[in-house]
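Chains here go by letter, A, B, C and D, matching the order in which they are written, and residues are numbered from 1 within each.
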Amino acid sequence: MRDYVEIGVGREARRTYHLEDIAIVPSRRTRSSQDVDTTWHIDAYTFDIPVMSHPTDALASPEFVIEMGQRGGLGVINAEGLWGRQQDLDAAIARVVDTVNADELLDFSGTKAIELLQELHSAPVDHDLLAERIGQVRDSGATVAVRVSPQRAREFAPKMIKAGAELLIIQGTMISAEHVATGGEPLNLKEFIGSLEVPVIAGGVTDYVTALHLMRTGAAGVIVGGGTNTNEFALGIEVPMATAIADVAAARREYLDETGGRYVHIIADGELETSGDVAKAIACGADAVMLGTPLAPAAEAAAGGAYWPAVAAHPRFPRGLVEAAPFGQNQSEQAPSLEKILQGPSTEPFGNQNIVGGLRRAMAKCGYTDLKAFQKVGLSVNR
Amino acid sequence: MRDYVEIGVGREARRTYHLEDIAIVPSRRTRSSQDVDTTWHIDAYTFDIPVMSHPTDALASPEFVIEMGQRGGLGVINAEGLWGRQQDLDAAIARVVDTVNADELLDFSGTKAIELLQELHSAPVDHDLLAERIGQVRDSGATVAVRVSPQRAREFAPKMIKAGAELLIIQGTMISAEHVATGGEPLNLKEFIGSLEVPVIAGGVTDYVTALHLMRTGAAGVIVGGGTNTNEFALGIEVPMATAIADVAAARREYLDETGGRYVHIIADGELETSGDVAKAIACGADAVMLGTPLAPAAEAAAGGAYWPAVAAHPRFPRGLVEAAPFGQNQSEQAPSLEKILQGPSTEPFGNQNIVGGLRRAMAKCGYTDLKAFQKVGLSVNR
Amino acid sequence: MRDYVEIGVGREARRTYHLEDIAIVPSRRTRSSQDVDTTWHIDAYTFDIPVMSHPTDALASPEFVIEMGQRGGLGVINAEGLWGRQQDLDAAIARVVDTVNADELLDFSGTKAIELLQELHSAPVDHDLLAERIGQVRDSGATVAVRVSPQRAREFAPKMIKAGAELLIIQGTMISAEHVATGGEPLNLKEFIGSLEVPVIAGGVTDYVTALHLMRTGAAGVIVGGGTNTNEFALGIEVPMATAIADVAAARREYLDETGGRYVHIIADGELETSGDVAKAIACGADAVMLGTPLAPAAEAAAGGAYWPAVAAHPRFPRGLVEAAPFGQNQSEQAPSLEKILQGPSTEPFGNQNIVGGLRRAMAKCGYTDLKAFQKVGLSVNR
Amino acid sequence: MRDYVEIGVGREARRTYHLEDIAIVPSRRTRSSQDVDTTWHIDAYTFDIPVMSHPTDALASPEFVIEMGQRGGLGVINAEGLWGRQQDLDAAIARVVDTVNADELLDFSGTKAIELLQELHSAPVDHDLLAERIGQVRDSGATVAVRVSPQRAREFAPKMIKAGAELLIIQGTMISAEHVATGGEPLNLKEFIGSLEVPVIAGGVTDYVTALHLMRTGAAGVIVGGGTNTNEFALGIEVPMATAIADVAAARREYLDETGGRYVHIIADGELETSGDVAKAIACGADAVMLGTPLAPAAEAAAGGAYWPAVAAHPRFPRGLVEAAPFGQNQSEQAPSLEKILQGPSTEPFGNQNIVGGLRRAMAKCGYTDLKAFQKVGLSVNR
């Protein structure tokens, strides 16, 4: 039975949990972290580490995406971001970074940077330019993953596949298997995904029912999370990730039973700041994680430590903070490499570096050697 | 059954919830936010957006009230504020603003500004002056809503109606259907409201019983909330808005049944800072919201970003912070228009702009297209 | 049934509540605050307001104690403080104040001020000097209340009564009806109190059992609370005041039944910062409150805004912060009078001034006119 | 029954508690703190106070360890720290201290200090040097306790015992009775401990099952806790100490029953900042505590107020903050002696000094005179 409380006479609400509310509980023989296997298989693809990058231009320069592949993960390109809209991509990113770094001193929500992002995104997409940049990644040998929005999926997807996309990420802040709009044609994801030649990862979803419907569309993976941490303020909609991941994992079990064995992968995208958060997300049932801010400090990241999620550029209702680079970065401090952030060795104690090493150690301390089994580790709630 | 805990031997307390404790849970097909209808009908009046302004002189200049009407909402005039007490209203407001802006550097509770408000409110009301200013709003074609206190309702109400008030707001921090005072005549709201020719919205109330009694007075609407956020410190009385709105919504159902169909509107006034809060208030059962601080940054607001609730001017026991304008406003930053705050486009991520757009999107993400239906959306509790 | 949780295998703990966890819930007809009666009768004494001052030299100069009486409350003198130890009391207090005001810039726990307090308290008590100062209060006509520690009660009490004490306060951070010490004679409070000619108020206690035992000693009143807010850190002992007051009120009912009608008063001493806290303490079952920090800003207070509880001067294990005067006091700001703090009019919104006015309004909003009835007002829990 | 919640569909988590969530509840006759006995007997050793020091070079200079013994406690030497790696130990520590003190201004996680610790620890262990320093402690007459890691226990333990270790502490952040590693020989603690001539204290453990297994290895004591407070961020593993201690105490009861009387001591290592925390740990079931940061300010501590746990020097995945000395120490303030910190007299109110005096008073206020009985004192939960 779910845990419901009555918030007022006759009105119930379900009790939910954030990743920060829970912890992993070791209770078996410890193992060596060197015996831990973090391989992630999805469709025909195999990754050494269960890590995708959030599809934001703050991370994804071609160099960053290629390096993600080199490190065993999967960098994601945002088809509707600046790659196809700005001839001089570096200069455009630099303007955003300069604005937010300056702006932050006066105004922590970075509205000037949001205005600039809105302006830069109002430029039309040059599909040749976009294809050229995607081609640069494809030519490196890295797996090419491209994100499109549900709204523009029909328009963009074929072009992206032609340009080399091997995995299509259909991602909005919140999507459903069928989106209804008066006077327009709804996107029926089942039909659409059925028509594509590449595997699709779709999301974000936040609940059991929506996730189950999305699994039935034929998606290879489902993203759990809202893509930003300001929806709580802007929409009143929160995604307590521990509950959301566990709910979607239950939908996965249901769908597995329903189909007699089709396994849909769960990718967590939210509340992930440290290696401990990554371990918790897997422990709740995720197969992989989509990281944003934790990767931002990487020397290879496009925005040199600054960060914004894709939805921060929304023309009428932006969400997601545009964050300046941490104090010191680009100045006295040398930015850590993506390798250091993902695989160490670390020189800081809070799980911001050697993220995969942290995951390995968490699994090893609990006596697990593969990701799937670790989804059953004991949990505690500390509130 | 309510959720009670025993706080000490033989002493129980009911568990209650703030808006910040809850969140909206999407679990249906998503819809287009353009298909959402936010129309609010109360008595013979129809508003495009379910938004009233809090009756404070910090917001309500004649220009502000007129613009509220232009934007589809309802600006509320405080009959017992400075409109009728200060010939040079702009100068009086400017003195308060200057005082709080200066004072804030030393003393965050703004006692000097409170002293000035007390002084300015000790001037007698010039009813001709007040009527003239109300007339200015009436002449614009905007719906005229005027707030009077329960204590002075008998004295002020007829004059306000004569001056053009189309909706009367009888509002104190906490009111009941019958106020008892030794040696004076209690205000029997049922008789009083029955004697008036205009619809009445009355409040604030905080619980099921008081709300039900207030509904029985014949009020068209009931305000839920305490009108200030310092009652908690000053009186030990808190109004956890999620619980309060849901309780009053239950009283509405009871009264609807009792009367065979009279629907009393619920207006939430408290804990409303962002578009997400507005969405949560509707989700808990409110029909409309009364906004204070979220509207203060508007270029049209009387106090240029500074804010105080009406009760901050109380002669012996003021409550409610007098808040300075946010740093930067009136200086380097250009104040956003009321239109931008209400209807966008927004350039910030926390739901402080495009408030109605945020409400629309929250409803659309959850698959609802009208306010009444959205009162049944799923909720979660995150504590 | 109490509400117990299992914190670990086989180990239970009771769930308890602080005043800040609860709130008062209005649900009856509102009344006029002018109809509220705050009279407090204990033994043969009647006070207009249910307010004692905490027995600390930071508050109690002779002038302060006299003014407390003038304002209808009860000022308490600490017999073991500096009144009998320092010929030049004003100079001694001034040294402490100067030290903490200077020290605070470097070290928020004010250790230098504690060292000075320890030094000043190491001087022997000159009983003639102490009697002379007590006589000054007695001569003013104010009720004379003197605090002694349980450890030195036998030695001090007779002298204090001779000097004019009309109420004896036997107060330690935590006391019991019988204190056991190897090799010394325990203080049997029942015998001791029986031997005195004046009524005794004793405490602090924190639980039902200890309170019941203390009531059986013949005390006229029982103090609930630990006398300082650092016991939590220093001893691991917390006194969640909502639970503690309610528990002791249950002991009062038990003792009332047991004795067929002897009513022991409950005085709350802890977590009281604002008028709202005072209202909550009464609502939980207290008959009166003992205020410390809220009275410190008064112009009549000995330490001009600085504050420390009596136990801050403990020679080996001091507890309780020595707090500097709020920024601005003694400088640009004029200190408010004790009258303003207790009875207003207030010029600030958080219930730090007009404390009794706040209590009156809380009672009136909830429809109560006397303190005893208000002990049954509805409560909510907001965590 | 344990208290479980469902965090998502079909996924449960156990509710757990930190020391800060609980408090001690006095409910018996108070006693004199002078009648309290804090003696701790483990194996053939007796200590006046139940206090060990955390095995970090930030505390343990030879002088510090000797002084711990003089004060009745047990100082612990880290065999794998800098004692055997750095000829000039004082200079090495001084470099770390200078780095963290300088670094802290820019970067609160002290990464530069961590890098330096990693570098200093990469030097090989000179066993002669280490033995010489251990000999210095042994010659003082203090009990010699040396910590080794589980990974290197086989290599180090015999040498340490030869050098004079009377108690062996086998301590990693989290250990189990049998550690499994592919291709290496697992450390079977039962066999290993059986082969040693000195009593062993092993840990840390965090749960009932692992603790029970560890007790069965023949360890004289078990350490509860993770050895650092950043595992939460780095591994997602938290050790809520109230729950962990109570669980391990339950394992102790089980093992006592199983063996017909073998009593394994529980040493708490985590969440211990003040005397109140120490009292709470004992109240939850601990027999003794292992203190880190509370001892750091001592004049005798190696790093002059700076602090880091042993695991902060981990070569690839450091955990634990390197903390600078509190502002003022080594400057205007004189550092308190270890005696003052442990046994007072104190001149501060938060239980940072006279830690054992605080424990004594907590026990006395609750009416207990020995540590074992105090493990049954009443507890409350305040969240």
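For this structure, a couple of remarks:
By our rule, contacts are C-beta pairs under 8 Å (C-beta built on N, C-alpha and C of every residue); 3 or more make two chains touch, one makes a residue touch a chain.
All of these numbers come straight from a predicted model, not from anything done at the bench.
In summary, the chains found to touch both chain B and chain D are A, C. Of all chains in the assembly, none touches chain C and also chain D. Residues touching across the chain A and chain D pair largely diverge in numbering: under half of the numbers involved belong to both copies.
If you lay the C-alpha trace of chain B over that of chain C, the rotation comes to 90 degrees, to the nearest 5. Between the Cα centres of chain A and chain B there is a gap of 39 Å. For the pair chain A and chain C, the distance between C-alpha centroids works out to 55 Å. Of all residues in chain A, those that touch two or more other chains are 15-17, 208, 243, 383. Chain pairs that touch, as defined above: A-B, A-D, B-C, C-D.
Chain B meets chain A in the complex at residues 1-3, 15-17, 21-32, 34-35, 208, 242-247, 249-251, 253, 274-280, 283-285, 327-328, 332-333, 344-351, 354, 357-358, 361-362, 365-367, 378-383. Residues 5-18, 106-107, 109, 111, 114-115, 118, 173-182, 184, 206-210, 228, 230-238, 240, 243, 312, 315-322, 383 of chain C are the ones touching chain D in the complex.
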